[in-house]
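Chain IDs A, B, C and D follow the sequence of writing; residue 1 opens each chain.
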Amino acid sequence: MKEVTYARALQEALTEEMERDEAVFLIGEDIVNLGGVSGALKGLAARFGAQRVRQTPLSEAAFVGLSVGAAITGLRPVAEIMYVDFVTVCLDQIINQAAKLRYMSGGQLTIPLVIRSQGGGGTSEAAQHSQSLEAWFAHTPGLKVVMPATAADAKGLLKSAIRDDNPVIFLEHKLLYATKGEIPEEEYVIPLGQAEVKRPGEDITVVATSLMVHKALAAAESLADEVSVEVVDPRTLVPLDMNCIKASVQKTGRLLVVQEACTRGGFGSDIVRRVTEECFASLVTAPQVLGGANLPMPFSRPLETACIPREETITAAIRSLVS
Amino acid sequence: MKEVTYARALQEALTEEMERDEAVFLIGEDIVNLGGVSGALKGLAARFGAQRVRQTPLSEAAFVGLSVGAAITGLRPVAEIMYVDFVTVCLDQIINQAAKLRYMSGGQLTIPLVIRSQGGGGTSEAAQHSQSLEAWFAHTPGLKVVMPATAADAKGLLKSAIRDDNPVIFLEHKLLYATKGEIPEEEYVIPLGQAEVKRPGEDITVVATSLMVHKALAAAESLADEVSVEVVDPRTLVPLDMNCIKASVQKTGRLLVVQEACTRGGFGSDIVRRVTEECFASLVTAPQVLGGANLPMPFSRPLETACIPREETITAAIRSLVS
Amino acid sequence: MDIQRDTLVEMLRLLYTIRAFEHKARQLYEENRLAGNFLGALHSYEGEEAVAVGACVDLRKDDRILSTHRGHGHCIAKGADVKLMMAELLGKETGISKGRGGSMHMFSPELGLLGGNGIMGAGLPLALGSAFTAQYRGTDQVTVCFFGDGSSCQGTFHESLNLASLWKLPVIYICENNQYAVTTPVAESFPVPNIADRAAGYGCPGVVVDGNDVLAVYEAVGEAVGRARAGNGPTLIECKTYRYQPHCMVIPDRRDTAEMEEWQERDPIPRFEQYLLDQHITSEAEQMQLRQQVNEAIEAAAAFAQVSSLPDPDTVAEYLWA
Amino acid sequence: MDIQRDTLVEMLRLLYTIRAFEHKARQLYEENRLAGNFLGALHSYEGEEAVAVGACVDLRKDDRILSTHRGHGHCIAKGADVKLMMAELLGKETGISKGRGGSMHMFSPELGLLGGNGIMGAGLPLALGSAFTAQYRGTDQVTVCFFGDGSSCQGTFHESLNLASLWKLPVIYICENNQYAVTTPVAESFPVPNIADRAAGYGCPGVVVDGNDVLAVYEAVGEAVGRARAGNGPTLIECKTYRYQPHCMVIPDRRDTAEMEEWQERDPIPRFEQYLLDQHITSEAEQMQLRQQVNEAIEAAAAFAQVSSLPDPDTVAEYLWA
């Protein structure tokens, strides 16, 4: 094993897959001169050349559409949308084109496309740069949705996403890029649709995604003397590893879902729906979603802090569920 | 009371509100020459003139943005997006502008905007003209979301939406325009946030929206000898009348949500989440969502039929929940 | 112009085929509607045939096109089998998209047919990608992208023209200006006489052609294709034309009759027939015979479509994932 | 040009104010960052001051502007109080958007300031609406909309210019071409020399001006405002300028030093100072004194911001609904 940042893990995945398959190319804004806002693409232009690392004008609809068009004609684009908030300017190419072209064509087209973007708050970037929009994509048939929380998952899942023949929305978190984690020295992939129990426990299941995995783990640790918390990270929302979640809830009887996205209509609600439908008899108390406030993200730090689940609010929610 | 079509009810609401307040204007594609694809706007251009019924080029981002800009400067636009599927080309103006401007401005801007559109399948118009996308809007803080199922609701809710000082997404259903219903002769409004029990019952609560209300009522009627079904139509998803839904579930102990939108990540999941959180003790069985297939809508009729809840599938779901 | 006789005859065959296909499609649609079977949206290409034919007849099989909601003509001109197309219109399992797509979504990647689109302007960015693949692979394939006058008002027009020209992508953007977007006349869509004039702002050639003159389209597209194959980037071609039918079957038509008649006088088919007669390329008898053959093929397609089976609802989830 | 002395002095005051505001804002941002308090994205307008000042100084209070992510200059030029702006940067309850918006989202509708925007190109459609309201109400108010060279590649540019020109809306579109979008130079954004040349495709005037010459901007915008007030529709004005700071505080800057120095030689402030001296409009002493006053106001603003309170988290849900 070796320790790398989440950003570096992404870069390794891209490097390896680009070396493996010359159909893979990168496209997005400022990816040559800056390596993207996250810096995850730094050095790739130098390594692979301008033909395979394509810096675009400020035109998401054009370059995401280009990516879809390239995918259906045999390439394997990895497009970067700087912030997930900006999918609003190119959503048609994702929702009505990428997600639907295969089905509408009766299976004739194949769309091996990855769209990477970053979501989340915590940096005082305010309402248009802090959203978590995975629920939109998960509600769109034809898209896979991936949300890695650790460096190891980032690398292994991105490699799978690139090899997948379907459109994959790959959602990173802006506060994770600099975080470090262990990854294997040798090559590996993590299949899409495989949850991971990040911490085993007996009393309550906490399903958390992206940055919230780390907050949930911290909460679990701080409660270790009181409650045995199992933390499950689905890692991919579509496909969703319900078996893993069910097994956990059947053991613990209690479910808390922690997501950064606004609570109302978030993907957590769908996890609650499925767990309730499929494990009703096991539930000893009502499952709950602890999510972001149903508010645009405010700029000012104390307000922003109040909008995002944090260790204390997770701890409190766990306590109230097990009491 | 008088009997009118849903389309006519919408037209009456628009006419009355335009007469009441000259700040109200209509904007959209083909609304002068055609009265919109639904025909609901027929005659309004002749009545109110070209200044107040503005037919636009095929430019949703421009005219929805124009509407937001007009709203923050004192007008009360009612914009029409032909099919809700097309919000993908103008979503930024809805999500990042209309929904957030008031909050980001610290309450200085007011956005009295209505965006009307039509959703739903059943007309063999295939994957890009058949979606039900209310979940996206309900997940966006700052938007109200209205889904009228009857002529009476269409009129009363549209009048409230136009008078509301917040952005309202008003989602009609393409199969409802020609349906008839009774509405009061005299002027009336229906406040946003008030569910209606469309059929009282004792054994199970069916929460249904838009066209599904009618299918749920038909199913309830066909089961009348077997099961006493209460059909609740929330009418507005944001704000949501949880009191009405809770009261019903507390009485029946059983919940089925019927929606046309894809089941995964639909708004039904959020209703299940809230009911489970707030009425767990009352539930005698697991709540369930019966929604659209998690598929792009296929063109061919037998396939399309298989993707949308219908009377038989609702009946079967009710039976299985009460058994 | 120096066009081979075979090509000219093929153009005539394609013009006849599209016209006959649209007639039959409307008839089947109406019959079904009266029988209570609503077949979604049907957008007739009648009147605009010369654009698709002039643009596609000389494309190679491995060149690609992006079509529109009004796409039957493009599909036929790019070589699609009318049997499979007709079956698609009826939602049959034998359809060109297995009944999943319908009139607006006909695909045949092995013919370079990357599909129609129900979202106006959405094909323009997709065409960038198809052209990008050719450039990336170093082939000389070109991509032709069709879109309407109304659709040219979408933001994707701007983003795509800019990027295509900036990267010199081998794409030909063909605006089918049929004077209306549903009921909205071009004068209420844009304040300039020609969409093609906008090409100047992107630094690429813009050409206005008579879209009812198949040879004019052929010539303009031919030049653009040459430019694209040579690595000199995109061209914007605006074809002025007219549709004969209402926007789609269910939309009332209130266009001026004088205007309609004026355009019918410039019908692309008799014009081209006359040209072929004048140039002694085909005789009247040959034309009649060709028309006859085409009509038979269309009747056979309709019969094939009608006897084909509807998809089995149990297969509804197929084709979602690769 | 015949400009009143007061206006010229006001221009100088605004130029000084913006420059000083940006200096102070950067300093506070850095201090906070070192103290572990990250204040989001800060985009400096240093170097581009002449655009905002030339464009706004003569606007009426009831005229409106749409600003951008790089909007401090626009706000100051439209009359915003630097105290409230500085407090906003620090996320204080006393801020111009009550701390909810931050640097990119400063609003003051009573000053006609309809806000900055974090979504590139999103202000262009909003400006249509502001202009539409004026047209609908029959007032002669105009709306000025700022956007960058990069943002001009968004589809909203096309849709908005087309609609504004078609409906003759009283809007002035000002492209601040500062040569870069983050790290992407204009040559990699579009294949034509001037964005303003695209105006021709919309049938409206397009003008290129030296954005570092406040009087040139003043003159071009003045003409456009006259046209708009008279009901003759929009104008697209491209101001060639340059930003001195990196894209935002956290983005590394690798621009060519020679290029940067070249632009610094054309700094709008000394140029305008020299003009005022040459024309005997202000003396050096007067300029020094004005600069002094401005610096004091900025220091006072910083002090006000620093002593102001942060919002109470219990009020977080306020201002969502009207």
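Here is the rule we use: a residue touches a chain if its C-beta (ideal position, glycine included) is under 8 Å from a C-beta of that chain, and two chains touch if they have at least 3 such contacts.
Not measured: the values here are computed from a predicted model.
Taking the mean Cα position of each chain as its centre, D sits at the greatest distance from chain B.
Here the CA centre of chain B is 40 Å from the CA centre of chain D. The mean-CA centres of chain A and chain B are about 30 angstrom from one another, to the nearest whole unit. Each chain gets one centre point, the mean of its Cα atoms, and the points for chain B and chain C are 36 Å apart. Among all residues of chain B, those that touch two or more other chains are 57, 59, 61-62, 85, 88-89, 92, 96, 103-104, 126-128, 141-142, 293, 295-296, 298-299. Of all residues in chain D, those touching 2 or more other chains are 95, 97, 99-101, 105, 117-119, 122, 153-156, 159, 162, 166, 188-190, 320, listed in ascending order.
Chain contacts in this assembly form a complete graph, since each chain touches every other chain. Taken in their complex, chain B has these residues touching chain C: 29-30, 33-34, 37, 55, 57-59, 61-62, 85-86, 88-89, 123-129, 293, 295-296, 298-303, 305-307. Across the complex, chain D is touched by residues 25, 51, 56-57, 59, 61-75, 77, 92-93, 96-97, 101-112, 141-142, 165-166 of chain B.
Every residue of chain A that touches chain B in the complex is listed here, in rising order: 85-86, 88-89, 91-92, 94-96, 99-100, 103-104, 126-128, 135-136, 138-142, 238, 261-262, 264-270, 272-273, 276-278, 280, 283, 285-289, 293-296, 298-299. For chain C in complex with chain D, the residues that touch the partner chain are 153-159, 162, 165-166, 188-192, 197-198, 200-204. Contacts from chain C toward chain B in the complex involve residues 37-41, 88, 91-93, 95, 97, 99-102, 104-105, 117-122, 150-151, 153-156, 181-184, 188-190, 251-252, 254, 310-313, 315-317, 320.
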